[in-house]
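Worksheet: one structure, shown below.
Per-chain residue numbering starts at 1, and chain names A, B, C and D are given in the order in which the chains are listed.
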């Protein structure tokens, strides 16, 4: 029932997710000091910076659905420190300038306790300085390496999704051992693509392979065939990662270019995120491999957490909307919203968070976190949080297209994605 | 008088505005410097550019890269940013002024697009679309912390006041009158003995430099530098600000920026469809307020408004 | 003789594609004269004076102004050397006030910082527009716009004033005022006048140049031109 | 890939782009030429063509070819009617004043984008092509055995892409016949030359303007329906066609249909061919600067008359 209701989704500006269940559950739970209850039954306000318009809107829609599904679940569990969570959404237009304004609006107008939810990395970089100045905890879900690289500040954290540097490093051994050593990379000429380029090149060399060509595709490009001849003939593996509305064109044209003589292909699912694998023209992908942040198709050994998570959001076993099987979700990324909200809950409880004066305590409490067990709160898998770099490390999945479904072939170990710390945010003052 | 009054009012507002609007106003002042720069070219000299983002970006990256690559303090870096914008606008002016009308629009658009792509191309230096952060601890001039809201507000206000008075002085000067003459009828102006090409070039350079000052100030005051400021929609913004506020009025760009900012902000509190609201308002304004907000004010009430 | 010439052209030509709008015109205008330039429509008069002031480039030939070859100079430099040109079609700055229009004409020749107001008032008074100084030029009646156009020419205090059909659309009374005005101005300015109204030409011109098909077909005093057979043919038989 | 096959591939790709671009640009050129207004919302009518095509095709169901043909007829008509409504409700009331038209069409752009986002959504959706076969293209080489044909790796196109090139050619012929041979074309050309005089001769200029605005939008939509089986319909897809169409119209020379077609082919091809020699982003930069410098040194466009 819940899933049905939410999948009839209409974008709405604010959803006050208080509700009777939350209030009832908190009083029933043991361990709550009575005066806390008396003092503040007001909701904790989470400012949700969402890409409702602009280039990130396709992701934004599913980040929104995941967030709106996670909030009532958290409220059913007793909310945050006994207080219900209220999500206050504000569109940033996938624009860094507006992003900074939205963070400011959260802090000074909506008086939210924290800000959360940003995906596109240029919006993160545009917004984080303001969050730092406003001393507002800013939980991003963007997989960019910007947090762990040290360029941001102590108030910005990424506890829900692994960064690209770690992801690609964990992929390199599989690619080198199973697919080939001579790699051609195709990636968008965005900072996001540059992270792939730089970190994967280094990682594959460490495995004895090499990147023999790098094709950086300019943004807003809509046709790709003309660039493919720059792929060297001796390429053993194509490594592709693409974002934006033209991803399907990109993949289809790649298939048409190679015909029956394709090399091994390894892609980040970003290239087909929210795209139905059954779309005509994608047949050539059969047998190719994809990185997945979280497996889109329910696997044979599906965990109960995965089951619960899908049901809560209203996503079926093929990663599509329950109400519309053609409406495929951004399954490989959006779990980050779910997990981040649960981490915020854990952090607030650990910090005994009461109000905005406890924001620094919240950051410290999250920094103190380390192991996160696979659970309903972390359905993607067990993780380790690095308090110094503010970055979480989780497992990565490599799936193969078999009969038009993505079947997991390999799950990386957490250690595969570790790299030396580049920053220690805990030494910065608040 | 009106303009000094506006500046005085803005000084006063600093003390009474709630934090949110206080922060917004600082932003609006910086953005309206961008719009005022645009107004010199478009509102007074009649040159419709669709590439003004490149000048804003030149100022922003001139400042930002100086800090990022050479650890230059933000004060001198700000000046470098302004010079970078001035240099770019001189080069663009020399080339683009060979064209007029729609060709001028396209040429400026193309140059701006090339600047945007160049930022992406040199991503190891510029960090591409993501850009980079000007750290809070380096954003200081003479010991003043520019990330502090009050300091930031006054810094924005000082820049705004300087530019406002500069434009006021310009349009009351003889050179300003020549620019208007060029807008109205370039050939006639030439046949009154004016080197219209040189005047237009000067307008482009002044306009671009002011836009660059806004860009550099934006980076210094708000701490981020990014390529999205070089994209086409960011070139359209000052055009809208100026057209709505009233082209060819000194105060119009500020009014337009204020109006557009709060139109977006308020409508996004009411509905997801803030672009729909903005679109409808734009259409209505063109239908019923053809010379922009201050243009109407001038027509109806204040004929002397410069 | 040559030393007194304010303006001379030699073999001045202008072709538009295959059309020879002006062909090999040799023309001399001594200082202090009122010269009328007449000819049927399409004779090349406006093209000719447009080349003089630099509105359009020449195809070949030379223009000498005040002893200096100005053929390659841009328009504004010729104006700065003492030419003024008023347009055939009224071409005032219609969004500016009358005063500002004239001020634009005056300020181009004055030093930085010099006071404009007196000069502006003088030019306006000459054409009788002093009472309308604060009106928006575009709101003026047509005849007044023509006068403003002339006031702008006067405001430049040129050595050579080129008037392109200044009386077109004026009433008879206005034409008479105009004749008086030009006679007054001519005391210290050389005038080149394109005019269709033959009464005005006869009343004003010291000498008349007649063009047809891009060439000068006759030149002489009003009396001579009046009696010239070629001119008669050009006007009547052409 | 070797140079020869690479160039052929780039040329083929360039032709597909150019084909769609000519139609979109011809639409803009008509509006620009006849009405003298800058229609910033032109790209949005392109986008609407693609979105309508998706809706029509998915509503029809059945074989892909039927949905496609239906879309090719219905989508441009809908886009055209919407444009006529915009003209009648908005532009006409602005007296087609250049500056106000720019703002009003920016407003229309916002409205159309947002309404599409709210109804169609933020995702890109494909339309299935009526047919789509990969066609390998042979190339030659000189070996010890002399001159030989072979099929180089990667050198191919699809039957649908060839169809796009062909269909665009047919559409261009249609436009040419309309403009050069029909009475309607005569009216359009007369209005383009001088609206006031045309009015004096009893041409209902207002209705001609509405028709032209609709026709321009419909042409953009035809281009979009042709491309949507290759590139998906998305609510932000109007941006590039708008910019490119403007470039094409200006480079081609205002009001010159022949110039528009030639410029579209030049621009489409140069994008492809430059990408043979440089890395993708650098190629884009160079192509952009090329356009700018063509205009700087030939402001009247390639086929415009030099102003006197």
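Everything below uses one rule, namely that contacts are C-beta pairs under 8 Å (C-beta built on N, C-alpha and C of every residue); 3 or more make two chains touch, one makes a residue touch a chain.
Only a predicted model underlies this, so the values are computations on that prediction, with no experimental measurement involved.
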Neighbouring chains common to subunit B and subunit C, by label: none
Closest chain to global C-alpha mean, per-chain Cα centroids: B
Chain of greatest Cα-centre distance to subunit B: C
Approximate Å spacing (C-alpha centroids) for the pair subunit A, subunit B: 36
CA centroid of subunit B to CA centroid of subunit D, Å: 33
Subunit C and subunit D: spacing of chain centres that average the CA atoms, whole Å: 49
Gap in Å, rounded to a whole number, between the CA centres of subunit C and subunit A: 75
Where subunit A touches two or more other chains at once, by residue number: 11, 53, 189, 218
Shared interface positions of subunit B, touching two or more other chains: 117, 120-121, 272, 274-275
Multi-chain contact sites of subunit D, meaning residues that touch two or more partners: 114, 117-118, 239, 281, 284
Category of the chain touch graph - line, ring, star, complete, other: other
In contact (per the touch rule at the top): chain pairs: A-B, A-D, B-C, B-D
Residues of subunit A that touch subunit D when the two form their complex: 11, 53-55, 57-58, 60-61, 189, 215-218, 220-223, 225-231, 233, 245-249, 252, 256-259, 261, 274-275, 279-281, 327
Interface residues, subunit D side, partner subunit A - complex: 1, 5-6, 9-10, 13-14, 16-17, 114, 117-118, 121-124, 126, 128-129, 132, 134, 136, 153-154, 156, 158, 230-232, 234-237, 239-240, 271-272, 275-276, 279-281, 284
Subunit B contact footprint on subunit A (complex, rising order): 11-13, 52-53, 90-91, 95-97, 100-101, 104-105, 108-109, 121-122, 125-130, 132-133, 144, 146, 151-153, 189-192, 194, 218-219
Subunit A contact footprint on subunit B (complex, rising order): 18-20, 22-24, 27, 117, 120-121, 123-124, 127-134, 136, 147, 222-224, 226-229, 234, 265, 268-272, 274-275
Interface residues, subunit D side, partner subunit B - complex: 32, 38, 90, 93-94, 97, 99-104, 106-115, 117-118, 239, 243, 246-247, 250, 254, 281-282, 284-285, 288-289, 291-293, 295-297, 299-301
